[in-house]
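Below, each structure is written out as C-alpha cells.
Across the two complexes that follow, subunit A remains constant while its partner is subunit B and subsequently subunit C.
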Partner chain A sequence: MNASLLQRLAAKPWLWAYLGALAIWLATIAFTEGRGGGDVLTAALSFATFSVIVAIGQMYVITLGPGNVDLSIPATITLAGAVSMKIMDGQDAMILPGLLIALGCGVGVGVGNYALIRLLRIPPIIATLSSSFIVLSAAISYSRGIRIKPPPMLADFTTWIVAGIPVLAVAAVVLTAIMSVVLHRTIYGRTVTALGQNARAARLAGLPVDRTRFATYVLCGAFAGLNGYLLSGFSGGAALNMGSEYLLASIAVVVIGGTSVAGGFANLPGLWGAAMLLFLLVTMLNTYGFGAGVRLVLTGLIIIGVITLAGGKRQAR
Partner chain B sequence: MTQAFVARHIRIMLPTLALTVLLLAVFYMQPRAMSYLGLNLLLNLALPIAFATIAQMFVITVNELDLSIGAYVGFVACVGATWLRDDPLLGVAALAGGVLVYAALGALIHLRNLPSIVVTLGMSFVWLGLAILVLPTPGGKAPDWLRAVMTWKTPLLPFTIYASVALAVIVHLGLMRSAYGAVLRGVGGNPRSVERAGWSLLTAKMVMFGLAGLFGVFAGLALVGLTTSGDANIALRYTLLSIAGVILGGGEFTGGRISPIGAVIGAMTLTLAASFLSFLRLDPDWQIGAQGVILIVVLALRILINRTEARAS
Partner chain C sequence: MSQPQTDPILVHLDGVAKSFGAVQALARVSFDIPQGACIGLVGHNGAGKSTLMHILAGSLTAGSGRIVVEGVDLTDRYGIATANAHGIRCVFQELSLCPNLSVAENARILHPSLKGWGWRKRAATLIRDRLDAVFPQHGIDPDAIVGDLSIARRQMVEIARAFSISDRPVKLVILDEPTSSLDAVLAGQLLAYVRRFVAEGGSVVLISHLLGEVLSTADRIVVMRDGKIVAEREAGAFTRTSLVECMGSMVQAEEGAGTPTKRLGDIPVVSAAPATRSATLPGGTSLLAHRGEIVGLAGLGGHGQTDMLMRIFDGAARPIPGVAVDGKVAIVAGDRQTDGVFPLWSIADNMTIASLGQMARRWLIDSRAEQGMAEDWRRRIGIRTDDVDMPILSLSGGNQQKVLFARALGSSATIILMDDPMRGVDIGTKQEVYAMLRAEAAKGRTFLWYTTEMDELKHCDHVYVFRDGRIVTDLARSELTEERVLQSSFEAAA
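Now for the complex of A and B:
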C-alpha cells in the first residue's frame, strides 16, 4: 500500500504538464471548432522536439543540485549551428562530419564551463553566463552573418513528417527514453541524482563527484550542440539569434516538467508535456488573436499557475 | 591585527581594485575622459544598473534569484514615460502596485515553497507584456522633474557618483548595521534558527522582495530620466547584469553573504567595462566576448583572495 501511494505521488509532477497541454489544446480547437487540431499537434511536436533536446541536458545539470544551471545553451546552439553549416557547406556527404563538429562544439563549451566552475570556483550561473558571452562572440566572428543553407538531406530529414508525426520527434522520444534509462539505471545517472540530494553525503560515500559533474556539463553542451545542428537543418540555416529563446525555454520546460529546481529529483517524461504545453500556449494565444502584450502577460501567469499547482505538494518533504 | 583587518575587508577590496584599474585604463586611453563631462558620460548609465543590482541583492540575500528584474525595470520605465507624466496619480499607483506584486511574490514563493527562478521567469513575461500594453511602441516622455533630477549638475563630481555613494551607504547601514538587517541576512544564512528565534520568515521574504520591487522602481525611473523616453525592451539585459554585479561585488548566491557597497561597485565596474571595450576599438564581434573575459578575470582573482582570507582567519 505504501509503495502504491509513493508511486501515485511520484506520478504527479509530470501529470500536470500533460493535463495543462491537453486543456490548452482543447481550448484552441474549441475556438477553431475542430479545424486544424491535428496540424497544431504536428507543429507542437516539431517545435517541442528542439526544446526537449536542450532541456534533457539542462535537466541533468539542474539535478546536480542547487545553483547548477547552464546559461550557455543559447550561445552553444548558435555556435554549433554556424560552424556545422559552414563546414558542411550544403553538401550531403558532409552530414556526418557536420554532426560530429556540432557535437564537438558543444563538448568544447561544456569542458570550458566546467573548467571555470571547478578550477576557478566560479558559481555555475556566472561561469556559464561569462562563457556564453565568449562563445557568442566566437559564433558572430566565425559566421560573419552569412547564412549557408543546410545539406538537402539534413533539411529533409529534420522536416520529415509521416502521418502527422515528425520523424525527428520520434527520434527525440527514443533519445529521451535512453536518457531516462541512463538516469535511473546507470551508475553515472544514480550519481547525478545522489549529488543533487546530498552532495556532502555523496562525496563522503566516495562517489566520483568531480568526474560526474564534469560529464554532466559536457553532456549538456553536447545536447545544445546537437540542437544547434538539427535546428539549423530544420530552419534552413544557422542564425545568430537562433538560440536565444532556448535560455528561458530550457529552464521552464525542466521545471514545469516536474524536475525539482533544488536538484536530486529528475523527471524525463515531463519534459515532453511541458514543451508541448509551452508551444500550445503560444499557439492558443495567437489563435485567440490577442495582442503581444496580453499574450505575454497570460503566458507568464499560466507558467506561474502551473508551477503553483504542480510545485507545492512535491516539495512538502 | 592588520591581517585580520585585511581579511575582513578583502571582499570589498577586490571590486574596488577592479573598478580603479578599469578607470585608470580608460583615463590612460582617453585622457579627455578625466573631466566632469567625461566621467558623466562614462558613468551616467551606472546609476540605474546600480539600483537594479541592489534590488537583485535583496533577493539574493534570502537565497532566491530574480530573473524578472530587467523586464520589471523596463515596465517601470514605460510607466514613467507615460502615465507618470500624463496622470501622476495613476502612475504612482501603478508603481506602488508593482512593489506590492513583488511583496506578494515573496509570500507566494515562501508559502508554496516554489522555486524563485521559475516564478520570476514567469513574471518576466508578465512585466514585459504589461510594459507593451502601457507603451506599445518605444516613445513617451519622462516627467520634467525626473529629467531635472537625473541631469542635475552637481558641483565637483557628476550626480551619478554622489547618488551611487549615497545608495551604497544607505543600504549598507540598513542591511549590515541595523538589527533587523541582521535578521534579514540571517534568513539567507540559517532560516531555521531565525524562525526559532521568533522572527517571521514570511515577513522577511515579503520585506526583501518588496524592497527589490522598490529599488526596481528607482532603477526604472533613473533610467527613463536619463533616456527621456521609454521602451519595453530597454532594460532586459539588466537581469543578467544585476546578478553579475552582485557576485562581482563579493556577494554569494547562498548564505546571506552579500555586500551592498560591493554590489554598487560591481555595477559601476560592469558599466565601465562596456565603455572600456569601446575605447579599445576592439573588433565589434568580440565586444560581448571581452565582457565575459573581464567577468572571468575578476572572479578568478577572487579565488586567490578567498585563499588569503582562509589563511588569515
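Now for the complex of A and C:
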C-alpha cells in the first residue's frame, strides 16, 4: 500500500519542481547554518504568489496547444496596476471598484488579443507581443510616470503575514485549487486539454472550440490584471517596469511545473513548486555571494536541468 | 534489331508480396513489362495497384519476391536510386513537386547532372522542351514557383519531368492517375504522347480509374483485386463491361446482409446538396436521410464523400445553404490519428468527451457517471482492456476505433456520420459493429456511412454514389449491385 502510494507520487509531474525547491532551500540554510530558513520561506511564498497568479492564466493558454502563448502579460500587469491605482487614488472605499477595473483591463486586453488571433489570423506569439506594445504605451501615457500609493487597506492586506504565512499566498492557493477543479472537472477545462492534444478531433467531437479559445485568452488577461492590482498594493504603487520579470517567469513556472509546452497536458500544483524554486534559486545564489553574471548563468543552467529531469521522467511514464 | 539487349522484357516481377501489419496489400504478384508497350493497370481502391507501383519505383521494399530489370536480378539492392539509374520514373497520385521551388528547379532535382554555371537555364530548357512535346501550348513558365500553379499545371509539370531526359535514359514511366486533374484536351495530349513514347521503344504503366482511356491507350490490361492479379489480357480482348466485371467480386453475396430497417417517418432528418454542382446536371442530386435509415456514400475515394459529411456536420451547427439537418450530429472518424483520438488521455476520457453535457451537475462533471458510461460501453462494444483508465494508446488500432464508435453512439446524437470508420478494423469487430448499427437504426438513429468497401454498402438502406464531388447515382437497397456502383463510379454516361 505504502509502496504504491510512493509510486503514484513519483509519477506526478509536479514532484520534481517541489524536490528542486526543497533541495535549493536546504542548500541555502546549510550555508547560513539554519539561520533565516523560515524568513526565506515566507519571502518565497510572498513572491511566488504573484508568479503563480499569472502562471495560471499562461498555463491555460499554453495548454490550448502548439503556438499558443500570451506575451502581453507584463504590459497587462502594468496597465491594470497603473489604471487601478490612479482610480483608487489611495482611498479605501475604492478598493472594490479598483479591483473590477483592474480585472476589466485584463479582460479588455484578452478580448483584443483573441480578436487579433481569430479575426486577423495572426499567430498568438506575434499578436500578443504586438498588442503588449500598444498596452504598455497606453499605460505610460495614462500614468505619466506618477507613482500613486495604494489604499492603505489594500497595502495591509497584500503584505499581511500570519505566523510566517502570507495571507495572500493562502488566498492564491485556494484560487489554484479552484482552477485545478475547473481544469479537470468542467467541460471548459476538458475542452482546453482536448484542444491542446488534437484541435481537429476536438472540433469533430462537437466541442465549442472558438468559444473556449476566446475564454482562455480572456481568462489569462484577467489573471494578469488581478496580478497588476495585487502587486501594486504589495509594492507600494504601480511602476512601469513592474511586469517585466513576469514574461519569462510565467512561462518558466508553467514548464518547470510539469505542464506540457506542446499543450494538452497541464497541472496546477506544479506551479507553486516551480515558483518557489525560481525564487529560492535566486536567493541561494545571492546567499552564496555570486555576482549578477554568474547568477544568471546558473539560473539558466538549473532551469534547463529541472526541465530535462521532469521531461525525461514524463516520457518514461 | 540493332538494339544491344535481346530481352524484350524490361521489368520482370516474380511473386512480389507486401503486407502492412496484418493487411496483405500484395499477395505474390508476378507480371512482365515488355519494352515498347503500354500496360494498363486497373482495380478499385485498395486493390494493391499503388503498392505495386511504389515497389517498382523503389519507394517501398517488397516483402518477398524478385525484381528483374533487363535480365539482371536487382531484388537485393532495389531502391529509388537503383530504379532511377535504370530509367524507371514514376508520377505518383500524390504530387511530389516542391511547392516553394520553381518549375526548373524541380526539374533539376531529378537530374543531378545539371550542375555548374547556368544550371537553372539548362534545367529550364529541359523542362520547357518536354512540356512543349507533351502538352503543346501549355503556357507554363519554367521560372514560375510551383506553389503558384494550378493543380492541373502542377500535374503537367510532374508528368513532363518524368519524361525528361538528361544523361540518363527513360525506359519506363509509371503514371498513377495522371489525368485526375487534367481536362479532356490535356488528357488527350498526354495519351497521344504516351503512344508516341511507346512507339519509340519506351514502356509505360498507366493506372487509371477512367476505363475509357485505359482501353484506348494500353496494349495490355492487368486487373487487380485484393492484392492479386485477377486478369491479364490484350486490351482488345476487354470491353468496358467485362473490365468492370473483372474488378468487382464475381460471387454475389446473399441478397441483403441483414434484415432491412424500415423508414421511420416521412420527413428526412438530413437533406444536403453537394458543394459542387455541375452546370450539366441542373440542380444535381441531393442526399436525403430519414429517421432510422442507414445511408451509404459510395464511389471512389476522395470524390466528395468526406466533404459531404463535413458539410452536414457543419450544417448542424450553423446555417449552410443547401444543407438542412434536424437533430444532433456526431461523427466517427476514419482517420483516427488526425480526426479522432486524444493521445494523452485515458480510454474513458476519450470515450466520454462528446457526452459531458449530460454528465455535468451544475458546473462539475460527475465522475461516477463518467466511469459508468465508460464501463458500460467497454462491455457493450467489447473493448479489449481491463481498465478504462489506461491510456488510449495502450489499445490496438481496431480497439481505438471502437472507442470512437462508443464516443459517437454513447452521445445523445441522433444522426451519426461515419467517415470510412472501418479502416484497420478486423473482421470480427466489424461484424459486431454492423449488428450494433442495425440495432441502433431500428431504435430510430440515422447513419450516414461513407465506405470504400463494397460489402459494407450491403448494410445500407440506400446508397448514393459520388463522382467528382457530385452525386451521380441514387440506389435503393433493392437496386444495389457491385456492378452498378462501380459503373457509376467510373463513368456517368456508360
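The rule is simple: the second predicted complex is superposed on the first by the 303 of 317 C-alpha atoms of A that agree within 3 Å, B and C clash if a C-alpha of one lies under 4 Å from a C-alpha of the other, contacts with A are read in each partner's own complex, and residues count from 1 in each chain.
Keep this in mind: a residue touches a chain if its C-beta (ideal position, glycine included) is under 8 Å from a C-beta of that chain, and two chains touch if they have at least 3 such contacts.
Computed from a prediction, not measured in an experiment: that's the story for all the values here.
Chemist: Going by the contact rule set out at the top, does A:M153 touch subunit B (first), subunit C (second), both, or neither?
Modeler: Neither partner.
Chemist: Tell me the contact category for A:T299 with respect to subunit B and subunit C: first, second, both or neither.
Modeler: first
Chemist: For A:A23, using the defined touch cut-off, is the partner it touches subunit B, subunit C, both, or neither? Pick first, second, both or neither.
Modeler: Touch status of A:A23: no partner.
Chemist: Touching A:I178 in the superposition: subunit B (first), subunit C (second), both, neither?
Modeler: A:I178 sits against neither subunit B nor subunit C.
Chemist: Classify the contacts of A:I187 with the two partner chains as first (subunit B alone), second (subunit C alone), both, or neither.
Modeler: In the superposition, A:I187 contacts subunit C only.
Chemist: Taking the superposition on A as described, I'd like to know which of subunit B and subunit C A:P123 touches: first, second, both or neither.
Modeler: A:P123 sits against subunit B, while subunit C stays out of touch.
Chemist: Does subunit C touch more residues of subunit A than subunit B does, or is it the other way round?
Modeler: Comparing subunit B with subunit C, the partner touching more subunit A residues is B.
Chemist: Kindly classify A:S137 by the partners it touches after superposition: subunit B alone (first), subunit C alone (second), both, or neither?
Modeler: The first partner, subunit B, only.
Chemist: Based on the superposed arrangement, let me know which partner A:V111 touches: subunit B (first), subunit C (second), both, or neither?
Modeler: Once the two structures are laid over each other on A, A:V111 reaches no partner at all.
Chemist: Considering only the touch criterion stated at the top, classify A:A201 as touching first (subunit B), second (subunit C), both, or neither.
Modeler: Only subunit C is touched by A:A201; subunit B is not.
Chemist: Determine where on subunit A the residues touched by subunit B overlap those touched by subunit C, and list them.
Modeler: Comparing the two interfaces on subunit A, one with subunit B and one with subunit C, no residues are shared.
Chemist: Report the residues of subunit B in contact with subunit A in the complex, numbered from low to high.
Modeler: Answer in residue numbers: 65, 108, 112-115, 117-119, 121-133, 136, 240, 243-244, 247, 252-254, 283, 285-293, 295-296, 299-300, 303, 306.
Chemist: Mind pulling up the subunit A residues that touch subunit C in the complex?
Modeler: 181, 185-187, 190, 193-194, 197-198, 200-202, 204-207, 260, 264-265
Chemist: Touching residues of subunit C toward subunit A in the complex: what are they?
Modeler: Listed in rising order, the residues of subunit C that touch subunit A are 313, 329-331, 333, 338-345, 349, 353-354, 356-357, 360, 363-365, 367, 407, 411, 413.
Chemist: Enumerate the contact residues on subunit A facing subunit B in the complex.
Modeler: Contacts found on subunit A: 66-67, 69, 71, 116, 120-123, 125-127, 129-138, 140-141, 248, 251-252, 255-256, 261-262, 291-301, 303-304, 307-308, 311-312, 315-316.
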